[in-house]
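Order of writing sets the labels: A, B, C and D. Residues in every chain begin at 1.
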Amino acid sequence: MVIVMQAGAADSEIETVIAAVEKAGFRPWVNPGVERKVIALLGAVDAEKAELVDHFSALPGVERVTLISEPYKLASRRTHPDSSQIQVGPASIGGKELAIIAGPCSVESKDQIFKAARAVKDAGANLLRGGAFKPRTSPYSFQGLGVSGLELLAEAGRMTGLPTVTEVLHPADLEAIAEHVDIIQIGARNMQNFRLLQEVGRVGKPVILKRNPGCRVQELLMASEYIMLEGNADVVLCERGITSFENATRYTLDLNAIPVIKRLSHLPVIADPSHAAGDWRYVAAIALGAVAAGADGVMVEVHPDPALALSDGPQSLRPDKFRRLMDSMTQVAIAVGRQVATPHEQL
Amino acid sequence: MVIVMQAGAADSEIETVIAAVEKAGFRPWVNPGVERKVIALLGAVDAEKAELVDHFSALPGVERVTLISEPYKLASRRTHPDSSQIQVGPASIGGKELAIIAGPCSVESKDQIFKAARAVKDAGANLLRGGAFKPRTSPYSFQGLGVSGLELLAEAGRMTGLPTVTEVLHPADLEAIAEHVDIIQIGARNMQNFRLLQEVGRVGKPVILKRNPGCRVQELLMASEYIMLEGNADVVLCERGITSFENATRYTLDLNAIPVIKRLSHLPVIADPSHAAGDWRYVAAIALGAVAAGADGVMVEVHPDPALALSDGPQSLRPDKFRRLMDSMTQVAIAVGRQVATPHEQL
Amino acid sequence: MVIVMQAGAADSEIETVIAAVEKAGFRPWVNPGVERKVIALLGAVDAEKAELVDHFSALPGVERVTLISEPYKLASRRTHPDSSQIQVGPASIGGKELAIIAGPCSVESKDQIFKAARAVKDAGANLLRGGAFKPRTSPYSFQGLGVSGLELLAEAGRMTGLPTVTEVLHPADLEAIAEHVDIIQIGARNMQNFRLLQEVGRVGKPVILKRNPGCRVQELLMASEYIMLEGNADVVLCERGITSFENATRYTLDLNAIPVIKRLSHLPVIADPSHAAGDWRYVAAIALGAVAAGADGVMVEVHPDPALALSDGPQSLRPDKFRRLMDSMTQVAIAVGRQVATPHEQL
Amino acid sequence: MVIVMQAGAADSEIETVIAAVEKAGFRPWVNPGVERKVIALLGAVDAEKAELVDHFSALPGVERVTLISEPYKLASRRTHPDSSQIQVGPASIGGKELAIIAGPCSVESKDQIFKAARAVKDAGANLLRGGAFKPRTSPYSFQGLGVSGLELLAEAGRMTGLPTVTEVLHPADLEAIAEHVDIIQIGARNMQNFRLLQEVGRVGKPVILKRNPGCRVQELLMASEYIMLEGNADVVLCERGITSFENATRYTLDLNAIPVIKRLSHLPVIADPSHAAGDWRYVAAIALGAVAAGADGVMVEVHPDPALALSDGPQSLRPDKFRRLMDSMTQVAIAVGRQVATPHEQL
């Protein structure tokens, strides 16, 4: 159930509603950062009865009370009819400007991450990615540089002015990650590691939540609910390819998921064409397709020398190819009423 | 194995090569309609030996001889390095202009198909679709108007000047279809009905071959090979959604397949967002995504009154929504270096 | 809607009901071969109204009238509560005895099919399979011997006393197939070739309908409805593996489908472990699993010399391995209250 | 690379080999509990060179040296040709006796777990399952009793003499779980939570590793490698259904996976028909199919009163239905040369 306040409802009216919600035995969740406040009631869904609707509807300043039938509440567009926009330093995710998150799969060395950071910044990216803790299918593969990787990523971010994104694998690393990095990523393999979601939700940094390749959109929205319930509404969803029988590519980008998520949820949604394809030759086409279909941004793996990459080389773009993709993406963004933040011509 | 002739090779040189191929026990297949002739050798692949490469390479007018490792030969981009372009009356598929195929799922009445034809023509479509023989999951569902549906479709095509597309289900209907309609469609369910493919290949009309939702891209290319081997090179491939575990939409559009097919084959590829989504609310986003990713066109279900449609109503666009999609598609086409043939403003 | 007659209802009572059904504008379909007659009403489902239930319930000899909510009617267990049993010469499918259908993928020569037939008969199979018209993914692969293959299969059947099964690809071949073979198989790729289903339904021979690897159980049941509506109730369903992301095997046998089909439908269901695995090393385990889960039989590819097979060699069992599988299958059949018809010890 | 010692090689010979492996810069992993010792070399796979094979082959007591091409080494049947057998109190997993793990999804109360424990023990189960920490798709669902659930489970285990199994979600809970429970379960959603796998691997208790429904068999084997590398070879793999397009059941049991895993790995493999079906009506058929196909056991959800269950009620068996399943399973086990440990007749 959500209680939608009138535009311009007084703070005292909002407080009265909150108190009434608590008195009725529910936990109120106040929708952050919108003009028209929406207060969600969390608690036993069986108790969401017609009489409560009447009870809350009668309170001063309340415009209407709505039952939410979806299993997710805070992520639902009914709770928050406007699309959410998340600010991260100079960048914004979910607004008119596309979020272009680029960089190497893993931070491998100072030279590598600095070269990559400069290249993606020059091409027009507005966020820098780089993995320090790597979830590898094989225990014999490179597992990341750990904390020293975080430090290098932070340094590269400061150098270029780009906010940074890295993945968390284990609660024990959260503190170090939060200290060095601007956005915390939950990787596809941990999308349903619910305890990790809760701990990340308590950190108070924006989160990118990647869809597990074997999970439905509704499961992704339920996972975001775990983070939001801890008080963190700054969640960005990421479509990165699902499993299918097709083996010409590593995964299958679920393009449909982009308009589906946009209709069901107010959260921003981005696409990761690099993991969806597993092959750099298809990355540009998929990125452009995702933007045209309404994605709020893309996350692209770029490496100064993909042939030498310690992870995901085959799906990483060289800087010149990424620059060409940015040119096309700028055109497609305009065609669908969006824009790319800092076209590289102006840097 | 393909033998690539020099640009400007004399007809007599080509004939000599063909004779040599036949003498060696193979069936030659001459790539139609390109400046630089390419002659494919069909026959026992085990016999594709190095000595044959030397033998044919030495013939006058031959530029080079290439072994083709893919199981499909005629559909392979190696046989035909340029992208194929297929002319259908005033429309062209595979060139700079996008093919916009629109119309109702089924022809239901004269009034309905005429209204639909005018609406899609006005909005800028350049081809008219409409089913007369319908493959329905249930034998209790509307099965199409049959031959009278073909006649109405042809009449609507003549009225608007739009070439027409309809699906064939049974060899016995091929003659009537070929008489009335400009492009023959092989539906998804018949993609591996190999005998039907062969019979359609002998008709000599352009063919749209839809991907079966449970088949891989390579199987789609193999199916096109069945048609091409009969001497018909005018095949358009259509991605229309594959089966997956996601149930928020009816199928999952395999966006990756578009650049994959473009790399592997010279045949044009279009997308069908209506069947991929099964829900009109997602059709526009998916159509734009497919065009941005490089599709040569789209096939969209448009009905004058979807609520009354005898089939596929929930996934059909109303004319006004289709017109709005055409506006966006025009912009996205330009952004990726393509164009929409007849923007409705000019009609 | 189905009308269930009382046990021992008089023929005249049944005729009266049929006449009443026709008078009400519906097509009656009389459930064949059961003591308690069930008459299904085919026609506009919207017309299945409460008043009709009352009308038919009042007729003499009628026990009860039931609305059927499933989209399939004739295949539904509600229309025919007892499991169907189909007699084919000395063999029976759907009864206590398992149907063991074995033989090569393709009929390749007289020697090959005769050796295969003797081997499977000796091992205890009670039906002989062999393809004469082969649906091959590639047009360059062996396409079967055609009519001469049918003749060899029929001869091998007569020699061993085993009824025969072969696949139909094209309506034009139906007459020849019906003349030579006892059971007509609709292959997975033609499961939704609805016109072929209808034509096969009119032939009056038992049909094995294989599930398309991209189709749901409900779509399989809808396909069987197309055959049954033509008056042929002798349909055997076959689970042969579905597409999935797992690539350790060619397809994924959907074991769940066996109890699901048993609950929803009265039709017999068999499993094809050879196509599901695509690898002979897994065939025995899958066959035993299917029988334990309730399958009414299995269809297994057996070839006298798999290394020389013109199709499906890698998934074909050698005769000695098939014999060993029959020993295990005999034990598992007994464990679940079934039996294998002619244990090879007795031959 | 694995070094296979001669049967009866002296301890000193084994030590010499281990020292040589370490000197060559690799980490030796000694295969536990088999007569013929096998020593695996862990380390840079690129260094697995022919010269090393010769070097180690020449050492006294060495029978042969084999390169392992699979990405998993310790889980591979090449490292450990005999099937592994894991002892847990009176029960054993991987031997002739089937492991029958039964109990409720969640521990809900003392009365509930005691009733369930007695019922499954009486019916012939030899291990007791019960969740204390529950990974729920929705944060609004019952999340388990936590530590008090562990205590109740342990008490029920002591009362019945059944070893116990429970799932771990978070490293912080490992100590409490290890204290109270005999087998630690990694749930499907955490199969690729690699850090948790490592921590569980260090605990020194047998582990049941459930397959993620979106992961391939090879990914499951790679995940087991993470646990084994920490020194814990007592890993049991569990097939519990994969995602597919079929929606008649919640997941699709991948029956093929059972013989595939048996061929590739020495680890025991069990099946979970309850999660695979999501519907109690199909559980028995699937369980019997899995056993016939070679599973080393099954894990079945049994609840004294499924209608009141706080989780997974629809897929839980009532005790009487479980008892009937045990009767059938006993017969099928015998048919395939296995046995059920304690047929309930003897209790």
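Following the convention adopted for this analysis, contacts are C-beta pairs under 8 Å (C-beta built on N, C-alpha and C of every residue); 3 or more make two chains touch, one makes a residue touch a chain.
Just so it is clear, the model here is predicted, and its values are computed rather than measured.
Novice: Any idea whether A-D or A-C has more C-beta pairs in contact?
Specialist: By number of C-beta pairs in contact, A-D is the larger.
Novice: Average the CA atoms of each chain to get its centre, and name the chain whose centre is farthest from that of chain B.
Specialist: The chain lying farthest from chain B is D.
Novice: Where the CA atoms of chain A average out and where those of chain C average out, how many Å apart are those spots?
Specialist: The separation of the two C-alpha centroids amounts to 50 Å.
Novice: Any idea how many Å lie between the Cα centroids of chain A and chain D?
Specialist: Centres of chain A and chain D (C-alpha means) sit 35 Å apart.
Novice: Tell me, which residues of chain B touch at least two other chains?
Specialist: In chain B, 214, 242-245, 247 touch at least two other chains.
Novice: Residues of chain D touching chain B in their complex?
Specialist: Listed in rising order, the residues of chain D that touch chain B are 243-245, 247.
Novice: So in the complex, the part of chain B that touches chain C is made up of which residues?
Specialist: Per the stated touch rule, the residues are 42, 45, 71-73, 135-140, 169-172, 189-190, 192-196, 212-215, 219, 222, 225-226, 229, 242-243.
Novice: Spell out the part of chain B that touches chain A in their complex, as residue ranges.
Specialist: Contact set of chain B toward chain A: 214, 216-218, 242-249, 252-260, 262-263, 276-277, 281-282, 285-286, 288-294, 328, 331-332, 334-336.
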